[in-house]
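Every chain is named by a letter (A, B, C and D) in the order it is written, and numbering of its residues begins at 1.
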Amino acid sequence: MAYPGGQLSEEKVFKDPVHRYIHVRDKVIWDLIGTKEFQRLRRIKQLGTTYLTFHGAEHSRFNHSLGVYEIIRRIIDDVFVGREHWDHSERLLCLCAALLHDLGHGPFSHSFEKVFRLDHEDFTQAIILGDTEVNAVLRRVSDDFPKKVAEVIAKTYPNKLVVSLISSQIDADRMDYLLRDAYYTGVSYGNFDMERILRVMRPREDQVVIKRSGMHAVEDYIMSRYQMYWQVYFHPVTRSAEVILTKILHRAKKLFEEGYEFQTKPVHFYSFFTGTVELQDYLQLDEAVILFYFQQWQHERDAILSDLCRRFVNRHLFKYVEFNPTNEQMTKLIELTGLFKKAGIDPEYYLVVDSSSDLPYDFYRPGEEGERLPIYLLMPNGELRELSRESVLVDAISGKRRTDHKLYFPADFIYDFSTKRTTKKKIIEILEG
Amino acid sequence: MAYPGGQLSEEKVFKDPVHRYIHVRDKVIWDLIGTKEFQRLRRIKQLGTTYLTFHGAEHSRFNHSLGVYEIIRRIIDDVFVGREHWDHSERLLCLCAALLHDLGHGPFSHSFEKVFRLDHEDFTQAIILGDTEVNAVLRRVSDDFPKKVAEVIAKTYPNKLVVSLISSQIDADRMDYLLRDAYYTGVSYGNFDMERILRVMRPREDQVVIKRSGMHAVEDYIMSRYQMYWQVYFHPVTRSAEVILTKILHRAKKLFEEGYEFQTKPVHFYSFFTGTVELQDYLQLDEAVILFYFQQWQHERDAILSDLCRRFVNRHLFKYVEFNPTNEQMTKLIELTGLFKKAGIDPEYYLVVDSSSDLPYDFYRPGEEGERLPIYLLMPNGELRELSRESVLVDAISGKRRTDHKLYFPADFIYDFSTKRTTKKKIIEILEG
Amino acid sequence: MAYPGGQLSEEKVFKDPVHRYIHVRDKVIWDLIGTKEFQRLRRIKQLGTTYLTFHGAEHSRFNHSLGVYEIIRRIIDDVFVGREHWDHSERLLCLCAALLHDLGHGPFSHSFEKVFRLDHEDFTQAIILGDTEVNAVLRRVSDDFPKKVAEVIAKTYPNKLVVSLISSQIDADRMDYLLRDAYYTGVSYGNFDMERILRVMRPREDQVVIKRSGMHAVEDYIMSRYQMYWQVYFHPVTRSAEVILTKILHRAKKLFEEGYEFQTKPVHFYSFFTGTVELQDYLQLDEAVILFYFQQWQHERDAILSDLCRRFVNRHLFKYVEFNPTNEQMTKLIELTGLFKKAGIDPEYYLVVDSSSDLPYDFYRPGEEGERLPIYLLMPNGELRELSRESVLVDAISGKRRTDHKLYFPADFIYDFSTKRTTKKKIIEILEG
Amino acid sequence: MAYPGGQLSEEKVFKDPVHRYIHVRDKVIWDLIGTKEFQRLRRIKQLGTTYLTFHGAEHSRFNHSLGVYEIIRRIIDDVFVGREHWDHSERLLCLCAALLHDLGHGPFSHSFEKVFRLDHEDFTQAIILGDTEVNAVLRRVSDDFPKKVAEVIAKTYPNKLVVSLISSQIDADRMDYLLRDAYYTGVSYGNFDMERILRVMRPREDQVVIKRSGMHAVEDYIMSRYQMYWQVYFHPVTRSAEVILTKILHRAKKLFEEGYEFQTKPVHFYSFFTGTVELQDYLQLDEAVILFYFQQWQHERDAILSDLCRRFVNRHLFKYVEFNPTNEQMTKLIELTGLFKKAGIDPEYYLVVDSSSDLPYDFYRPGEEGERLPIYLLMPNGELRELSRESVLVDAISGKRRTDHKLYFPADFIYDFSTKRTTKKKIIEILEG
């Protein structure tokens, strides 16, 4: 590598509550962390609106990105170095890809991307390849280095072993976020023995595999992931906040399209509303900016926008009931829609079905949507075996998609406010029914 | 208590990473948490700019406030209830004061209050006593309840035992922030055996005392506090960020006073600049708002304002050297000031001496500034003894103020940029000398 | 209660690494802990020979018994008190039964009981009901109190709710040993959120049930149990030590029966060899005594006894290979037996098949051996539902017995020693085959 | 190294609750662990009788020895390798010395050595240099290797850097025992950031020094040590057990000398009683053996021996009062002695003054007894500074010896038993006075 300075004169360390210390010896890593595009991740929460459910979860994507980097560094420097199948000249590439894999995330990206039909992965590519500080640092390694880093993150890089370190069913990304999100929320489910897993990872030609002796640690990791999804990531209160967030963005867009005159003009949103987002627009929109607008919009004349913003800012969320999309329930939903309209509550914004769905683990099912690389165990005789064929536990949940539907609505409007009495009664009957 | 509903029909729990669970059974507490003034604390970081040094420290004052409440609740419900000297009718008052003790904190309050000569304690009083949701909830207990809560926080409440639970040298506030800040930063120094301390706390007529058998746990707590101050709270990198923050606010104020035309007008700051802050102005200014302006101001024409904002947002902080205010050093500082001017770097914004000072523990020294209530040990024979008279460790550091001075400056301006060569050389000589 | 002194003048606490503190307020508990029969549990390891695999697992049954007591105390004092279905007059009975439930365990009880056809549960009954210090303490509560305590432990007590606290598929015993054994071995698998489980336990007429909202914590507990069984309790190295232990006891008994003249006479074992064990014989045999004999017997003239004792004391264990009881494997075993004899290695002591088997969770299957009380969830509508009908995870492993067979042998005898060359070759071929 | 096999074909790991994993790659280390002299450490508790105070503290010296080895391994392999002043050919020597440093410890060594005037360090030397399995393994490295290992442990090895790793005021031994004893007892005081300390250790010509930036971690370590001494190691209840243990040994020796006919003959003690201990005698005496005798001796005819043994085995310990060796107190002690005799309680065994004393840290004071190597900080300018000159905290406690005296006696004899009424009254007056 021609990178000027290659190694730092003295290793730098970050104190990290999850991995204890994060070690940086490579100047390029140090310089990447110092770029404004990477520092921007400090203003984007790792778990979006989850802090409204688990107050401890206020950590940022900056935090997580350093963690993923550190895991990869340990795998390479402590486990892979010197082993067959591992090409140590890929080391820096892996470290950079790990550090930058979430670079394109925007504010509250889950909802934001859905509303504006964007994909943070495109922006990750754009930042790495575009006219940015990150690109300038990467180019100092070599002209084609940004492209390689982008390819690893996009999973198109030829060396699939490298790709699988960053994205697979047991990659550094998942390991860090499970541990980190468990730490910050305070739930104990996310814990598993990462140190053990790292020790039993082995490089193979086109992917990372796990020594059979570490199977139980992997089982535990899969169970942790399963529990974190349902206990934390899909928590109905968090989804309520996401629903409101989504509706705010929809409403603002609609008002903008209708020529509504904002008191606080959505300058930062223009290009999003019109579908003409440039990289620089995107980079300027972090969660501080979003929160600034939401706070201002509490005072807009439009009743729906201001109400939704007040709900979000002050955490007056929607309540929910179970909702299974059966014919019967769909009929009730249609009836409710009518009743809401009658009561003067716009169902477009105030009656929302939200679904969450997770596939805890799956082996390869050719031809199916979302084919996923399975986890392979390296047996004592050198053979590879797909995890669910060895593990009773994993087999039990493999390929079993679980889905949960809930119906969200503003309980306060219905119970507290003076809507017409009979309408109110009927609504309550259906919701509590 | 006349509070409607008194107790919740089912206890609510918050998952908390430090205390595991935070338990709420009283409706008034639940309602206070739901007020917009309390929810606002989610947008104010507990440790201000510390996250720029310790990336884990992204937690908010909301987080900490719940923790202080929970500690007080445990002291009262698990240890004090039924003991002599403890008047259980003060329970709810203590819980509310604990929950609300930091309510008046503003964004980055340390620097903010210094620049605008404000005191967050005044705002805590104003929120509790003014026309707010918090006040409305408290009044539902009784007409004079808000006043009582405000008095406990202001330390003027007649029952000094109650006051000492919230503010003393070993109060719930300190215990929570040491444990919490240690948890989020990941440093191990802040740990001490809080459970043990709670168990040996005893109510006395005018203060909380500690059973002699728990002295070692208290020693450990005092050492933790000492270490956290110097390792975390006064970390020179954090202070560098505070210095820049302070200078941004100064610059913006000066530009405003000079009639400078801002591209992004500091609407939210007007009343702060003119010294006419009303409660509503104050409540609207959280850290999202501050960060919004700083991001915008990166693009202002004023070179100093935009440079400082870029430094803060992208974490390009000032470097520092040791600086002891001796005659010799003061002479050098004056010389440096001249050299900076010569080099075209405004010393008013780019050459800053910052001092930190802490008194780890002190007993009462009448007539001295900042008299502090000592910690008393309850001896087996029923007598009280001031802590430092029993503990060799505490005696050793008691009353010993430690102060640290550093000189901050933009190293990049001096080393990287092309200032005049001889001036640059002289500056470097002094700084490195 | 007529117990003199009822409550201690001041609560006593034990520092415990798992539950932090163990609290004792009842004088009867304090006095029970002080009896010689309870103190004897300090000389019996909780995990028998597991310390030869996991060096951290050196903790005693004393340790665990205090833990079970503390869990029951928390369930009763923090969760059950005042709830419907809970009869608080059963409190002391529960605490005593919890504390004493393992009282009859002997040294290395797993193997010991098998060899001498004893059952520690009989001895628990005998100690509680016999002429012991424990009985004297219990009788001070009331004449029939020892009987009641014995019934709770024997699961014959009429109040099945009380029985289920101590023995069920989610009882205080299991919760303590999983957490404690995980702590001392250092494996992370055994962790689950016990605090959460305690909070969602509810008394019902004839058993403890779990609120539906705590289902995920219970799932995690079941997975922990599953992992601990296979990772720790059934670890093949531990089983190797158990195999040797068993063979030592068999050999000593056989020698005794054959009139062999011991250099160190097995005085403490006489009644065990002859099947005439009295309570006092049993109580005198703890692990220090066993180890004393094993150390002495290293120097016996009988080659098998001295070899096996040396193996146990110095941890020169048997090696193992997988062994599945198929026809083919059985044929090989018979062949091996012949070859061992030929090589002069007595297969009765040196060729051992050992099997482990576990049923991670099961619902009630009437008429089957070992009927087990299922775990019931208390649904929001008040109805009870068996756990595996709600939990995908538990359903997946419910009723699925897993069994593992291994063949143990002294590798050193075969590989290192000069047995006849062709015999040796054949043995190795079969074992490695 | 000529050691056959040098490295293991696959690294072995031990699960350790304190360091998570202990890694062994060197065949010599693996073989040493397998020797019977090293396995014997499993039967010697790390903290002697402390388990009678802190029930969690049942861990053995085997446990701790592995820990010290692992710390040294990490210092060398992760921090020292490749640095100036560090001669990597000393690596294996350091590892072996670390592993074996406590090899000569006997059962309950503190009291045992005092009574029989032995020194475990002599036995460590004897085991390493004598006709043992350990010596045989070490000799396979080179003929003079056992001698070198013995010298490092005896602190006479020429390379003082190597010596200081194993024995200094901040060595691997202390770091492991503080962390380990804290873990097993469950007290939180013993925790400090070992990972940080390891990272800032630097080799210098004749000792290990600590980078100035790690000073706070060292302060924390010194405070931990201070607290552990007074909270755990010198706990008065533990000392009570030691007092009884000492008196048992004294009594048995005296009875032996007087020709008393033991029912259970103290065969294993003969050479200790007569001062003719050979290495093999010593190695046969572990804690299982001692406990075996104590249990048997409960039934001896000699009332004092049987009483003391019952006290030890069943944990009926002596009570204590503060005792300061002033003239006044000494007079009272003499008076008590007379009264005890009068009451028929032999003061030689039942009235014991026990003192504990610790010097938390000290710098070098030439000419004084027990000169101790100070801890040196490596300043940024390369200079070394003695720790207490930089640290206010350490300076405060440096060289300050703290001593504590207690008077132990059998409260039950005095309060419960029917000694003469006036004598009893006088005794109680003095003790409670």
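Keep in mind that, in the parts below, contacts are C-beta pairs under 8 Å (C-beta built on N, C-alpha and C of every residue); 3 or more make two chains touch, one makes a residue touch a chain.
Fair warning: this is a prediction, and the values are worked out from it, not measured in the lab.
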From chain B, count the fewest steps through touching chains until chain C is reached. 1
What rotation angle superposes the Cα atoms of chain A onto chain B, in degrees to the nearest 5? 180
Which chain's C-alpha centroid is most distant from that of chain D? A
Count the C-beta pairs in contact for A-D and for A-C, then report the pair with the higher count. A-C
Chain A and chain B, separation of their C-alpha mean positions in angstrom: 32
So what's the Cα centroid distance for chain A and chain D, whole Å? 52
Per the C-alpha means, the centres of chain A and chain C lie apart by a whole-Å value of 44
Using the touch rule from the top of the page, what residues of chain D touch 2 or more other chains? 20, 187
Residue positions on chain C within touch of chain B in the complex are 13, 20-21, 195, 199
Per the contact definition, I'd like the list of chain D residues that touch chain B in the complex. 187-189, 191-193, 216, 219-220, 223, 226-227, 230-231, 392-393, 395-397, 400, 402
Listed in rising order, the residues of chain C that touch chain D in the complex are 14-18, 20, 34-36, 39, 42-43, 51, 54-56, 58-60, 62-63, 66, 183-187, 284, 286-289, 291-292, 295, 313-316
